Amino acid sequence: MVVAAFTWTEFAQQLAAGIREGAIYAGLALAIVIIYRSTRVINFAQGEMATFTTFIAWSLMNHGLSFWTAFPIVLAIAFTGGVAIERIVIRPVEDAPVLTIVIVTLGLALLLNGLTSVIWGGANRQFHGPFSTRTIDVAGVPVSVQDIGIVLVSIGLVAVLALFFRFTKVGLALRAAAVNPDSSRLVGIRVGWTFALGWGIAAVLGAVAGMMIAPVVFLDPNMMQTILLYAFAAAVLGGLDSPLGAVVGGILLGVTITLLGRYVGFLGSTLKLPAALMLIFIVLLVRPSGLFGRVAVRRV
Amino acid sequence: MRSRLWIGLAGFAVLALVIAALPRFISDFRARELAIVGMYFIALLGLSVLTGYSGQISLGHGAFMAIGGYTTAVLSVDGIYGHQIRDLWTIPIAGMVAGVAGLLVGLPALRLSGLYLALITFGIAVSLPQLPKKFDQFLGGTTGKILNLAKPPFGLATTANNWIYYITWGIALVLLVAAWLLVGSKAGRALKAVRDSEVAATSSGVSLATYKTLAFGISAFYAGIAGSLYAIANAYVNPDVFPIILSVYLVVGLAVGGLESLVGLIAGAGLIYFLQNHADSVAGWINHLPVFNLDPKQPGIPSMIFGVVLIVVMLLVPTGVGGLVRRAFGPLTSRLYTRS
Amino acid sequence: MSLLELHGVEARYGPVKALHGVSLQVADGEMVAVLGANGAGKTTTLRAISGTVRRSGEVVFAGKKLSRRPDSTARAGIAHVPEGRGTFGELSVWENLRLGAYTRRVNLKQEAQRVYKFFPRLEERRDQQAGTLSGGEQQMLALGRAMMARPKLLLLDEPSLGLAPIVVGQIFAVLERMKSDEGISVLVVEQNASLALAHAARAYVLEVGNVVVEGTSDELRANEAVRKSYLGY
């Protein structure tokens, strides 16, 4: 183990970079958690859905719209798309074994990935995000405005979602339908539509995540693939049914990977991810439902 | 019950005969292709023990195949203390090593439920290909290791590809019998009990931990053997031989083929082989339909087509091809099918 | 005029037919019991009414043909407390109650106070996860949830199952008050025939998916066959 020369400034920089990375994973992790929380399905197509909507944003901006004009349009498209996908593709297999649903979302991912390539081609593109890239000084550490923007957006989303799920009637209905669809129907909830709503919301979250990430990593059809992996790891770490967990998990993961990569020499860049996954595994051993996941109580 | 046993034996005998006779009628290249299908079949057999019988989902079994393949590579190229080990003898060792790895994963996996387990195993699938790059002295890095070409033993008059075919399917049949016995045994019944209701199983005295871990180990053992055979057939290993997507293909093959049917597993194995090797030809086929005029070379088209195919297949047959076959040929199925 | 009428209702689970043409009625403010052995089709009858199982045949509720979908029957004013309570185990007691009033726009706090008056134990455990409650408390919660909906008709499946006699007594006392205070009709499925007949005005006895005996509680108690098979004397 080689620990390089340590300075606080550098540590702060690495920390900031880690937080920014983490906020990126957090956005997508949030979408994953929302779908899981409202439908008990893991959506392997989350990344591709986000990429697709980000490309739509790019096209709109290419036709002259400003970012903030295109933003609500893209969100509306994403929402409709999410709802449509759930009703058309997922609903027929709602009651099928878990494995089947996993395969369907994988198929969806392949389909969207291919579609993105076909419509826009595989070349890298620049995406001009809403935040400027100039850096400002935060306690001696240069941090870009964009990074701050990304982190704030992620936190904001979590707050809105948490409030939505906790305090609104619709949010409660979404949770109830995921927990016990039969009883939900008996109280008058239209379970099918709550599932569709969950997917719509997740699609919107994915779109936002995509539009935050694209300025940083360049826009291409495979943009989200590795990020999706990290997002899954973050979601698992934080607890699959906790939006707060998704963000905390994401940031923790981002920070851990960045710090591990920098300070634990022998890991290098190839073993950063495996090491981080190992750590998550260990966390899960202690808390099998993730950091903030609700442990399902089963009375026998 | 007795009649089921006889039907099962008869079915098995027919299968064995077909396998033995087939190479006479097909080309050398086809024999090789079928051999590789056989390897995937072995991996799926193991995976079906895990998912079909103990109900645990693994998205990382490609990693166990890789462990098996690399074990064979290291043992037959570098050997132990310089003595190279004949490729065939490495197969069971590779299986064991992978099996032990499976047990090591299975033990802590006990704490995790369904989707958490699936995602962690996916993490394993993602992480493992990094290891050869890191330990490149030992494991060959990105270039990998090159094995000696497989040769039939001295005196046997057959081609290398046919030899691989026979070895693979011979092992597959043996492992099939083993799985069949396992499923019918006390351990197998315990596994099924675990899958159907963990609570009920525990309260009947079944040791959950033992059987679930065992299921992981066995499935990894099978995957390791499959990987080992693959390495031998391929004559080289590197991280791209067992890519991340392989774990996904295995699960896809299992789901599309159906969890509990023999025919389904073979179909699933065929599908995996197809996905790995003939991606572009599907686009060519689709072009024969009047409506479509797709350029198969255009990147993205194959993905789209596969995506649509996967979705449509799973929508039409949620229990997989095997489930369909089972319903059509009810009484002819072997013990692996029955949900008794 | 009956609140609920079933005419020749049939229901099946896959290839197995569970109800072979069941006809019954429940009047306003009436408690009616459905009796029978295991597998007679009692639970299926309730499911057929609430729409949880596919049915054919006519069901008329409050003078109108009743929908076959569970979320619509709930909106129409039917509250079904299924076998096993059907509580949302992972949600809190308060959230369970909130869900009960899902189809209504009301002051939730006030409605909940009503429920707490009947079941003070629930108020104590407001924020507890419903799955951690005892059997009796879960039954109270299930009833409380039904009350939040202010239904016209309450479908109760085996309320006494697995509960201590004292708790069962409390529950039926609450049911009587719901009936008298609010005019709610109750259709209760019970294996405990004498308990059911003590509270219900009328009863139907099911056997293998058919109604074999019907009448007032007194009539049933006097019926020799019913006494021997279901009352034990």
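Note that the chains take the letters A, B and C in the order they are written out, and that residue 1 is the start of every chain.
Just so it is clear, contacts are C-beta pairs under 8 Å (C-beta built on N, C-alpha and C of every residue); 3 or more make two chains touch, one makes a residue touch a chain.
Since the model is a prediction, treat every value here as computed from it, not as a measurement.
Participant: Of all the chains, which has the CA centre nearest the overall CA centre?
Facilitator: Chain nearest the overall C-alpha centroid, as shown: A.
Participant: Relative to chain A, which chain has the most distant C-alpha mean position?
Facilitator: C
Participant: So the centre of each chain is just the mean of its C-alpha atoms; given that, what is the distance between chain B and chain C in Å?
Facilitator: Measuring from centre to centre gives 51 Å for this pair.
Participant: State, to the nearest whole Å, the distance from the C-alpha centre of chain A to the C-alpha centre of chain C.
Facilitator: 43
Participant: Hey, how far is the Cα centre of chain A from the one of chain B, in Å?
Facilitator: 32
Participant: By residue number and range, which residues of chain A touch two or more other chains?
Facilitator: In chain A, 298 touch at least two other chains.
Participant: Under the definition above, what is the set of chain A residues touching chain B in their complex?
Facilitator: Touching chain B: residues 36, 42, 89, 92-93, 96-100, 102-104, 106-118, 122, 221, 229, 232-233, 235-236, 240, 268, 270-271, 273-274, 277-278, 280-281, 284-285, 288-290, 298, 300 of chain A.
Participant: Applying the document's contact rule, which stretches of chain B touch chain A when the two form their complex?
Facilitator: For chain B paired with chain A, touching residues are 51, 57, 108, 111-116, 118-120, 122-124, 126-128, 130-131, 133-134, 199, 203, 248, 251-252, 254-256, 259, 298-311, 314-315, 318-319.
Participant: In their shared complex, at which residues does chain A touch chain C?
Facilitator: Residues 169, 172-173, 175-176, 179-180, 182-191, 294, 296-299 of chain A touch chain C in their complex.
Participant: Please give the residue numbers of chain C that touch chain A in the complex, ascending.
Facilitator: Result: residues 50, 52, 69-71, 74-75, 79-80, 82, 86-91, 95, 98-100, 102-103, 129, 131-132, 145, 149 of chain C touch chain A.
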